[in-house]
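Okay, so chain A shows up in both of these, paired with chain B first and chain C after.
Moving on to the complex of A and B:
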């Protein structure tokens, strides 16, 4: 697919790739904690909570795709599937669980 | 863009804190609700909350997501030709700050290095200028 010849014809700006990855991971970290707050407030337990998280990250991916990447993931991400859609899916899971349990305890207690 | 994103963020935070505050006041939320008849028991959310609290939470989280995405810095194009084209057109990058810097050309340092001077043409120009007796503008 994207081999050396393709890269020689269409070179990639490394700085922009790093900038985009940093921006996306910042958004993911922030929104993961927010989903934790929401899941705890809703009082979700076990599997529905994780389903809520994965639905939320999919929505955030869609928002990035439509608002920031101008519906053209190919020109902003080197590998659109792993960098935008699926890559950081598990990155925010720990902060999600942290705020989830915190707000679950705060609301139930 | 920045202002509307901040407004979205603030609205979302206010609604989210209000929803969780309301939830913490409800005594009925601790009791288990009746089983759902449609969903299988594994993915049944087991929420015993008034519908307005649930809706407020979900709407506020969606608002916050949109706000966070909008307020984050813009993505940069990764293809070199798109990136360099944008750089050449931007007013900020066109200012020439020093030798080989700015001018909107990322290859300026390569294209303007002294090795590319046509030294024979310069010598001819200088000879003509000397023959003139040093009058007139010296051609650069």
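Moving on to the complex of A and C:
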């Protein structure tokens, strides 16, 4: 009951939530493609490539947190952990693999 | 690498210009085509008779009342609730009050329902046709060559699919033919469409499936008896424990100001 009351006083606007999620996912998609370009150019293979991707997304999460969300994830995201830190971790994976394969094929093999 | 003998294949750079690039360009263009096709094929909602609209709107109004009940004072809420309940009891909101309680006709015979189903069919066709066309095109034109090497290993089960048309049994699975590049672009081009067409595009498969899921749990089953829906809404309204949002606002304001001072 207390939670409901709290939500009524500080309502969560669906449009804003969607807008934030969309911004994050756009950033993620773009950076994932760029990471793919980098990984392919560096000639990373199998496991190092995926580690590169996950380190990259972690860094991007940090950057979103410190630059876009102004160090205050609570006021930008309803559930900071799942929306900012862990969310969309795999969303960019396919585009990463795409550009990774392309540039690996162009540069290395 | 554990395997000391790594297979190396020298490929003509022309493979890139004549296979990889065309497939990519075609995939992007198909996505754009699919987007515009589905925008064009969308049927404009048919104009509905006044009674039908009144039925929908009054239900919507009750739902909004339930969702935003904190924003109005207790007396206003009670009054609105009473009016709604009264109206439902008299059947004032129903589109055809005479048919109350009668079972609904078969949705197949209802032309409006057929219209909705046609719209869904069109969406599916706009999705499926380009995909199978392109797959046929790639199979007909580009099968039989190894065009690229994947940067990650795969299990041999993929061999049959990814090396389709390549008749070399011992070739590493990492060497793949053009069909696998097709699959990669199929799944990986989503952000590209997002940047070209904006976020609410119809080009991608994922959004299509999502839209279908949202379209309703039972597109075939049709609507329930509106009278029943209204009665369910009444029950929802009855159980609401109404609390006005301005209750205790002074205390909250003072607490907030006291914290800052």
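Some observations on this one:
Assume the second predicted complex is superposed on the first by the 104 of 109 C-alpha atoms of A that agree within 3 Å, B and C clash if a C-alpha of one lies under 4 Å from a C-alpha of the other, contacts with A are read in each partner's own complex, and residues count from 1 in each chain.
Throughout what follows, contacts are C-beta pairs under 8 Å (C-beta built on N, C-alpha and C of every residue); 3 or more make two chains touch, one makes a residue touch a chain.
The structure presented is a predicted model; accordingly, all values stated were derived computationally and were not measured.
Annotation: superposed three-chain arrangement on chain A; chain B versus chain C shows no clash, the two fitting side by side. In the superposition on chain A, A:42 makes contact with chain B only, not with chain C. When the shared chain is aligned, chain B comes close enough to touch A:51, but chain C does not.
Residue contacts after overlaying the shared chain place A:92 against chain C, while chain B stays out of touching range.
Once the two complexes are laid over each other on the shared chain, residue contacts for A:60 go to chain B alone; chain C is not touched.
More residues of chain A are in touch with B than with the other of chain B and chain C. In the overlay built on the shared chain, the residue A:10 is in contact with chain B alone; chain C does not reach it.
After overlaying the two complexes on the shared chain, residue contacts for A:101 are found with chain C alone; chain B is out of touch. Once chain A of one complex is fitted onto chain A of the other, the partner contacts of A:30 extend to both chain B and chain C.
Distance between chain B and chain C in the overlay is 8 Å (nearest C-alpha pair, rounded to whole angstrom). On chain A, the surface touched by chain B in one complex and the surface touched by chain C in the other have residues 26, 30, 40, 44-45, 106, 108 in common. Those residues of chain B whose C-beta lies close enough to touch chain A in the complex are 16, 19-20, 23-24, 29-30, 42-49, 53-54, 57-58, 60-62, 64-66, 68-70, 72-83. Residues of chain A that touch chain C in their complex: 5, 8-9, 22, 26, 29-30, 32-33, 39-40, 44-46, 49-50, 92, 94-102, 104-106, 108-109. Touching chain B in their complex are the following residues of chain A: 10-13, 15-17, 19-20, 23, 26-27, 30-31, 34-35, 37-38, 40-45, 47-48, 51, 56, 59-60, 63-64, 67-69, 75-78, 103, 106-108. On the chain C side of its complex with chain A, the touching residues are 9, 11, 16, 20, 70, 147-153, 181, 184-185, 187-192, 194-195, 199, 243, 245, 252.
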